[in-house]
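We call the chains A, B, C and D, going by the order they appear; numbering starts again at 1 in every chain.
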Amino acid sequence: MRRYLRSAITPQLLLLLAAAIALAVVVSGNRFFAFVLGITMISILWAAGMNLLTGYTGLVSLAFAGIAGISAYGTVGLVMRCGWSFWLAMPVAVLGAAVVGVLLGLPSLRLKGFYFALSSLVIQTVLSLGFVYFIGLTNGDTGISQIPPPDIPLTGVSFHGIGFDLLLTFAAWLSLAATWAIAHSPFGRRLVAIREDEVLAEAIGIDVIRNKMLVFFVGSLYAGVGGALYATYVGFASPRSFDLLSSLSIWLMVAFGGRGTFMGPVVGALILAPVPFMLQQYDTLKDVIYGALIIAVIVLMPGGVYGTLLAYVRRLPSLKRYLSKQRGGVPNDGSVRRS
Amino acid sequence: MSRDTVTSGAWRQSAVTAFAIACMGLAPFGAAPAVAQSGEPITIGFISELSGPYSFFGTSCKQGLEFAEKKIAAEGGVLNRPLTFKVMDDQTNPAQAVAAARSLDVQDNVLALTGPTSSDIALAIYGYAEQNKVPFVVPVAAFAQLTKPGTKYTFRVEPDAVGWGYAAAKFVAARKAGAKLALMYTDNALARAITAGIKYQAEKENVSIVADILFPQGSNDATVQAAQVAAAKPDFVYLATVGAFDVTTTNQLLDLGIKPEQIIHNVGATSTLLGYGARSVGSNYGTFFDANLDNVTAEGHKFIDDFVQQVGRIPSYVENYCYNTAYIIKTAIEKAGGADREKFRDAMSSLNMVEPTSGVPISFDKNGARKEYMYYMQLTGIAAKSYTAKRLFYIEWAPETLPVYDLVK
Amino acid sequence: MTDLFVARDLCKRFGGLQALRNVDVVQRAGETLGMIGPNGSGKTSFVNAVTGELALDSGTIDFAGRDITGVRPHKVARAGLARTFQAVRIFARLSVRDNLQTAMLVLDDAANSLEAEERVELLHWLKLDHRLDAVAGSLTLFEQRRLELAMRLMMRPQLIMLDEPVGGLAPGEIRAMMQILNELKARCSIFVIEHTMRVIRELADRVVVLITGEKIADGPPVDILKDQRVIEQYLGTAHA
Amino acid sequence: MTTSAILLIAISVITTGLVLGVIFSLVAAGVTIVYGSIWLPNASNGQFFLTAALICWSFVTWLAVPIWVAALLTLAVSLPISYLLEATLIRRFYDVPDRNIAYFVLTLGVTQILSGIFSVTYGRWSDQFNLPPMIAGVTFIGPFPMTNNRIFVLGAASVLLALLFAMLRFHPYGRALRAVFQNREAAALRGVNVRAIYRLSFALGMLSIFAGGILYGMAYSFDLTVAWTMAVTAFAIMIVGGPGSVLGAVVVGMVFGFTQAGVSTFTSPTLATFSYLAAMLIILLLKPSGLFSR
């Protein structure tokens, strides 16, 4: 275990942490940009969790935001109604949300490939309807307003301003560190095996369903933590904050940045999360630009922004050799044989 | 992807990346801050639903507001300074709305916020406004929580939805003593509040509820429910469904032999009234402003005529409230004598004016709630692009008449 | 010799097609058992049923004294029954090293995992030691077959079921592969599917013949070649 | 409750179930044909469904043509749209291994663009849209008055579904299409032009979705939110029915229609919606590959 922890503290990660904190400090003079940055940090956390599911395991979970919503409503309910500390309420709500997530996901975890994505889309719809319908727990589509920010235990004050931004930055970093540790553990290897070939994974003794359940649970934890932080950071929670479109946009960050690469989703979140905020005055063009950007990336950079750049950079030193060799043989293009 | 894409497509890839980075980099400059200085324009932040599922209402509101904005500019602005509205799209998404509020507050240092037409969006901005002490004038959101006890900076122009229900029950009782009423409504905050008000007041008015049907959002057919309602033989059917489903439900009720005179629409917006079609003539609807009212002022008529000419439809209460909101803000600034948030808030609190378009008085209680009122109209005719209606009923009440905060949480 | 695996009365029906019809197969420890039959005769269905990928309609399967009927594939693999696939199955986008490490995962905790020097010896024997950093998908088919074999042997199985191990290989490669398979007998028991007699005759101690889901013969290769039913229904048509 | 009231509700359940069912079936058939052959999960099916209804509305409103002309014109318009999409975006992924994910992202991008365009155009013109009835008047079925327009919609959708079936069953194209559903490699070996079949099935799928949208617009008022509702419903039907199975799409589409209509007589319509989504999850648990999968 210690080995994995040690490998989690890589120069890359430290650099990322430093950059994130620097960015937070630099923009903290402007509360608007700080807010957008805070949302971006939560998006990074969510994208890291989604990457674990989609990128490493090949499970496209479109119920992600719904699970985040369960945790958000749980946390808010425990804090505002029962007077719990955020730091007690959040873990309870996150665990609850992850358990509900696994129970709802159970039938679809047996589904192969893309069918899982489609059925998770239906699960998300059920959750969204539930958020509106169970008005006693969620206040329906009115939403819950004036949600207090997390308290700093034993001090009587709560996180606000730059403190909250740093908390979110830390959470984003922690999520990346956790993803790194998981990706480099035997568990992570099993997940990759499942993504690459479920039948082969089983043939070499990997319990596919159990590992899928486990990763679904872990991914739901990310969703839940993000949900609790999101609701308290925005100060408002409503079914619209945790709907199918939210799930899709988190998933898009991963696909846009590059599935299965460690940094890809971070890049995806950094680019896509601020776009809607930055284009708030351009209401007529915004969706079209967003859509065109997505199409452009999938057509021109099928591996995602980061994935494609990475492949490009890796080829660079060998470019000459590659060009001179082009006439002979068939070099590996990394495509997958399918039977 | 094959390798020839890697070589020949390299420039394309860089182009896309450059485009992405450019989008990121350029976007903030679009939102360059405009600092309000003495002698400079007074800026109000207008956040509304210009895209997403509520775009129709947000856009309608914006259109109403723009008429007033132009008129105020022609009249010489306010305190000899131009009054401008900075428009932001919240995409019908609460987080976007909060971000927009923050942007307008921090970047543009606006005097006040206004704009949303959807209750949950308004409530999200409400949280920000109260916490950061930014005055917030809500033109078209009917949720009572916006003015719950202890509210300081938020002012609600539209009567609250529980009150709509109260007015509806009073209206039904006035039409027929001991009437049987059926309710059909969509699962949303507005409809839940309205029906809570109806149920509360119906008991007092000896109106019995014979059917109570709640539809989930995204419903598309109401035939079976219409049959259930028809089987319950009500005197009136109160509809609080939304958008296209509202029209579908109305038509299916009519198909099943319910008379138009028995139907009460919660509220009448022009496009929906036209959508009901000619067979709906005779049905009733609630409203707060209507082109067919006798008390429309000369300015009101001019607004209606100009609006019809430019937009091609009759303005309804939404456009009217957004038009009036600009004047409410203007009057409060004049009263405050400058662009100071606290003084503006105090001026709003003690405001005493009438709506320029209809002469209905406007004043707010200590929580920012308005003296409430409602009309009930009957459709008398529908043409291709216009309709006629007559007033059947009018009621006024004080916000504290109803235990609003017990009825909705 | 003890019975290593015993399949009794296996039946499986796909819609209107009877893929397996009351098939009985017994394999003794140390024995190399072959299974032949034309395409679509149910050979792969048989392996899929034994390794748990296919749910049987009826029948029982014992392996190493344990009932493994209806046991899920990963448990069958862990119990020491490994298999390969007709179309070679490796993690094509991962490196050879990653493939092998993934195959070792399961046995991290198990007592029978290979020691480091055994692994080196195994890779040397299969001539994969110089290819560790290559992307598996870029290997030749023969290398991929060897990698597949190495991945299974990492788990130190008692029995390995090979589904057409020389399929698609060039003549020279087939000879090399036969050599490897003959050496493999020292490491574990082998169950091999082929649709040609050639491989089976050289490799197997005993042969089971499957036609349209039914076992029509069972015996040493020499006897099978003389079996009138086999000649009529299979060899006669396929190799006329 | 009187017998006639019970009869009234019972017949309303049947007719509603049928009308909703055939429309669901048409759209789901369109989605399932495309997914079964090209492996393209069309996330923008709801937006195209809406596009059809809006185009039809535009023809009626702006060109003032009769509704049946508008409907036919709209169906015709679907062909160049399909061709354009296929030629620019869909075709280039035919041989990509994980193309279902690429297609999903792609169609999400299309969804975003279409919904962006609609929300600032149609969305600002009105909050709801109506098509004029094809046939006026009502026909009484027992005590239940059914509008002739809805009878027409029911009939037209049934005819279209029957045509679709007949084509898949008897026309050589249909047989080739089904061969591709079952096994594209084998089909290619047998001399089927797989790419041509892909193209055909994309056009056919879009045509089916468009037809569903037009008929929906005739039966109901519609607004922009119908796109997502329909997208999710069509996916749910496809999952339960099995991929590439038009029969599955039709059977499950009808079941969904009847569930939505029927369950709401016993309980609230919200619980009815929950119930069929829950039914989907249970079916997945019992038969993960879908009810009618091969």
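Please note the rule applied: a residue touches a chain if its C-beta (ideal position, glycine included) is under 8 Å from a C-beta of that chain, and two chains touch if they have at least 3 such contacts.
As the structure is a prediction and not an experimental result, all values here were calculated from the model.
**Q** Need the most distant chain from subunit B, centre defined as the mean of C-alpha atoms.
**A** C
**Q** Using the touch rule from the top, work out which pair, A-D or A-C, shares more C-beta pairs.
**A** Between A-D and A-C, the larger count of C-beta pairs in contact belongs to A-D.
**Q** Express in whole angstrom the distance between the two chain centres, defined as the mean CA positions of subunit B and subunit D.
**A** Whole-Å distance between the two chain centres: 34.
**Q** List the centre-to-centre spacing of subunit B and subunit C in whole Å, with centres computed as mean CA coordinates.
**A** Centres of subunit B and subunit C (C-alpha means) sit 71 Å apart.
**Q** Between subunit A and subunit C, what distance separates the C-alpha centroids? Give it in angstrom.
**A** Distance between chain centres, rounded to whole Å: 41 Å.
**Q** Taking each residue of subunit C in turn, which ones touch at least two of the other chains?
**A** Not one residue in subunit C touches at least two other chains.
**Q** Multi-chain contacts in subunit B: which residues touch at least two other chains?
**A** 1, 50-51, 187, 216-217
**Q** Could you list the positions in subunit A whose residues touch two or more of the other chains?
**A** Answer for subunit A, listing residues that touch two or more other chains: 129, 133, 283-284, 286-287, 293, 302, 331, 335-336.
**Q** Examine which chains touch each other and state the graph shape they make (line, ring, star, complete, other).
**A** Shape of the chain contacts: other, as it matches none of the listed patterns.
**Q** Would you mind giving me the full set of chain pairs in touch?
**A** Every touching chain pair, ordered by label, is A-B, A-C, A-D, B-D.
**Q** Write out the stretch or stretches of subunit B touching subunit A in their complex.
**A** My answer: residues 1-3, 6-7, 9-10, 12-13, 16-17, 19-20, 23-24, 27-28, 30-31, 50-51, 87-96, 98-100, 102-103, 105-107, 119-120, 123-124, 126-128, 130-131, 143, 145, 187-189, 192, 216-217, 409.
**Q** Which bits of subunit B are touching subunit D when the two form their complex?
**A** 1, 50-53, 55-57, 59, 187, 213-221, 223-228, 230-231, 243-248, 251, 255-257, 269, 271-272, 275, 277
**Q** Could you pull out which subunit C residues touch subunit A in their complex?
**A** 51, 53, 72-75, 77-78, 82-83, 85, 87, 89-94, 98, 101-103, 105-108, 135, 137-138, 151-152, 155
**Q** Can you check the complex and tell me which residues of subunit A touch subunit B?
**A** For this pair, the touching residues of subunit A are 30-33, 35-36, 39, 129, 132-133, 135, 139-143, 145-147, 230, 234-236, 238, 240-241, 271, 274-284, 286-287, 289, 293, 296-297, 300-303, 305, 308-309, 311-312, 315, 323, 331, 333, 335.
**Q** Note which residues of subunit A are touching subunit D in the complex, please.
**A** Residues 60, 104, 106-108, 110-115, 117-119, 121-123, 125-126, 129-130, 133, 244, 248, 252, 255-256, 259, 283-288, 290-295, 298-299, 302, 335-336, 338 of subunit A touch subunit D in their complex.
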